Amino acid sequence: MSDPLISLRDLWVRYGGPQGPAAVEAVSFDVRPGEILALVGESGSGKSSLSLAIMALLPGQAHVSGQILFEGADLAALDHRRMEDIRGARIGMIFQEPMTCLNPVLSIARQMTEGLIRHRGLTRAEARVRALAALADVGIPEPARVMGSYPHELSGGMRQRVMIAAALTLDPALLLADEPTTALDVTVQAQVLELLVDIRNRTGKAVLLITHDIGAVAEVADRVIVMKGGRIVEEGPWEQVIRAPRDPYTAALIGAHAALEAALVPEESHG
Amino acid sequence: MADATPPIVDIRGLTKTFRAAGRQIRALDGVDLTLAPVETLGIVGESGSGKSTIGRILAGLETATGGEIRLAGQDLRGARGAAAKVQMIFQDPYASLNPRMPIGLQIHETLRGSGHRDRVANLARAAELLARVGLPPDALQRYAHEFSGGQRQRIAIARAMSTDPAVIVADEPVSALDVSIRGQILDLMRQMKGHTACLFISHDMAAVASLCDRILVLNRGRVVETGPTAQIISNPRDPYTRALLEAIPRIGRRRTGTGSTPMETLA
Amino acid sequence: MTDTALPPRRFRLPAALRHWSIATGAVILAVVVLAAILAPWVAPYDPFRMGSGPRLSPPGAAHWFGTDELGRDLFSRVLLGARASLGIGLAAVVAGLGLGVSFGLVIAFCPARLKGLLLRIVDVVYSFPDTLLALALVAFLGPGAENATLAIAISLIPFYARVTYGLAAVERAKPYVEAAQIAGTAPTRIMRVQVLPNILQSLIVIGSIGFSSAILSAAGLSFLGLGVQPPSPEWGSILASGRNYIARAPWILIFPGLAICLTVLSFNLIGDGIRDLTDPKGRRRRG
């Protein structure tokens, strides 16, 4: 078993000071290279706070304790400047709503090359080539045309692909995908999930998938962590968690999904 | 459908064009739809399909550009009296209740709109409805923010049912809810079946299939397929319907990463 | 899937008074209001009596603010002047707010075309500065305290209408208002029962902003001789009477000017503070 890529050690996130209410309580887990680890939970489970803690994007009144070990550094203790270097360059981010991350007044080309020019010191032309390749990589037809367009000219699915491509240009070791499919149409959701698996297969990048959708988890995750009320209630390989959940909450979550899914199974007895 | 009873809603050739940024956008392009009394019809489609627009036109929140809508045999156009016959349940449980009005009064206001002015009687009816959707008796005096998302959606359902509408338009009523709550609200809506007709609008094929008698699939403002739920689920004829069904995440299926590029990459 | 189930932001007085800018504003305002109310009893001299002291005598033990060109006690006149200034401001704001809010609500519920037209009209009128508008109206109505109040009230309408429209339009698009519409509730009732309570808090803040502008207008009109008529004291008219003696007796301008400044400042401080407290984006814990 390879060394973990990122390790969370006894992570707590509290709001309003060190004694405030905890959104994340004593959470520890590893993400290993090349795996898709799914963190699943409903609203209030603490999964969003956890994802923000990893990116050091929590609001000022949040208090983080514990360690987030990544490539020899503790992200929880890192200063603002060094975190900026890691964010984007070493940990790629994919969010629920691409529009919040894409600048509406800049062309896609500009947004995709900026990071390469700044973090990697490439020339504009070199950066352009890399960006074009990344767009083609995520299955965007006519990448050259997309490069010249603006975010509002693209569909929701295209935007999400552009954001994934942008996250990939800097060749990060870890992709943090926080509810990447929630705002998308069902058919596009399926494509984005396929894309995440495809990227992992081809590049060997690790993916931390944070989602409320247990169905998506069942389809793509290698390992699953279930969170509830800020705590981990269950953790294990996907077969075990999905097929034989030990925690009653996990079972209920899967049951609720399965009940809905059952409606899609044609009834043989009918007709 | 060779039904003897006349439909409660009969829509023919419904069109709606919006003007956005100087361009004409055709949201609905000749939609035909019938809804039998006490039938639940699911309208399924993705963003931009025009599914919400149908509901909003029926509820009188928007006006159609063309076509004909008959509600209980009467032409809907210009008929203000039709108001209380249609009620609506909205997607966002946070914005669909007035944050500064006690729940009981909100139901009173709804009843008042259709001519029931007796406040005491209305509050009594509100209490009875709130109990029926599974809320504690003190809900009457409480405010929206004191309730969870699922409870608020229960309140919205109680409010919609208060006037005994002929049709309830439910526009994505469960999409903003957690999965575990989603099932409870769908159960509640299932209990409502048989009391009124319902237009259940959703992008979620699983939710629609679990609740509706018939399904109508909408794509870019056109009806691509319509039929009884069992038929649409087991034997979808239209490729778009098949794609919708195929896309739903399922426990017991694994994605391999090979289907990620349906749009062929150009060299 | 959002975790935000924030209760509506309620404005609580005790909490508000701990906010520094509201507290400061409230203290200043309390002093001004108290002075206005108690003026007849507190004033050391009859504000109308000429020759209470020597003409144009500087501030001193006998006359705290000095005397004016007719030997009237300036302190007593500024005290009594507070009544006129605050009175006109209050009356104008109440009337202007009432009319402006009604108008704004109606515009928000108009059909699209009529709405566009009405908004254009409001915008055109709004583009004139308040005081200029009030000035034009008084020129039309004739000088005097009542007409000045009316003119100031009318001059505030476009501002209040525009702001109310903006707030109401946001609420109008929310599902709870749509639900009321579907239920068949009359538009006027939706405005009053559903929308108004949800924008009231913002309107109070806006009201306090209008107050300072109304007091400035009142002083301005009186200064020009179109508002409160002499010999009745009003801050603006005291200023006007003192302007000929600016070099010899600057106190005639300084004290009423200071009174106007402080009053306007107090309203602005309170307004800013309330906005600070009630702005959902500024929901941060202090202390």
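We call the chains A, B and C, going by the order they appear; numbering starts again at 1 in every chain.
Basically, a residue touches a chain if its C-beta (ideal position, glycine included) is under 8 Å from a C-beta of that chain, and two chains touch if they have at least 3 such contacts.
Just so we're clear, the structure is a prediction, and the values are computed from it rather than from any experiment.
Ranked by how close its mean Cα position lies to the mean of all protein Cα atoms, the top chain is B. Of all chains, the one whose mean C-alpha position sits at the greatest distance from that of subunit B is C. For this pair, subunit B with subunit C, the centres built from the Cα atoms lie 47 Å apart.
Computed from the mean C-alpha positions, the centre of subunit A lies at a distance of 32 Å from the centre of subunit B.
Computed centre separation for the pair subunit A/subunit C is 52 angstrom, with centres defined by C-alpha atoms.
Listed for subunit C are residues 1-2, each touching two or more other chains. Touching of two or more other chains is recorded for residues 149, 178 of subunit B.
Residues of subunit A in contact with two or more other chains: 42-43, 212.
Considering their complex, residues 46-47, 149, 178-180, 182-183, 186, 203-207, 209-211, 230, 233-235, 243-266 of subunit B touch subunit A. Within the complex, the subunit B residues that touch subunit C are 59-61, 80, 83-84, 86-88, 90-92, 94-101, 106, 109-114, 143, 145-146, 148-149, 156, 159, 163, 176-178. Listing the residues of subunit C that touch subunit B in their complex gives 1-2, 4-8, 174-176, 178-185, 193-194, 197-198. Of all residues in subunit A, those touching subunit B in their complex are 42-43, 136, 138-143, 156, 185-191, 193-202, 212-216, 218-220, 242, 252-254, 256-267, 270-271.
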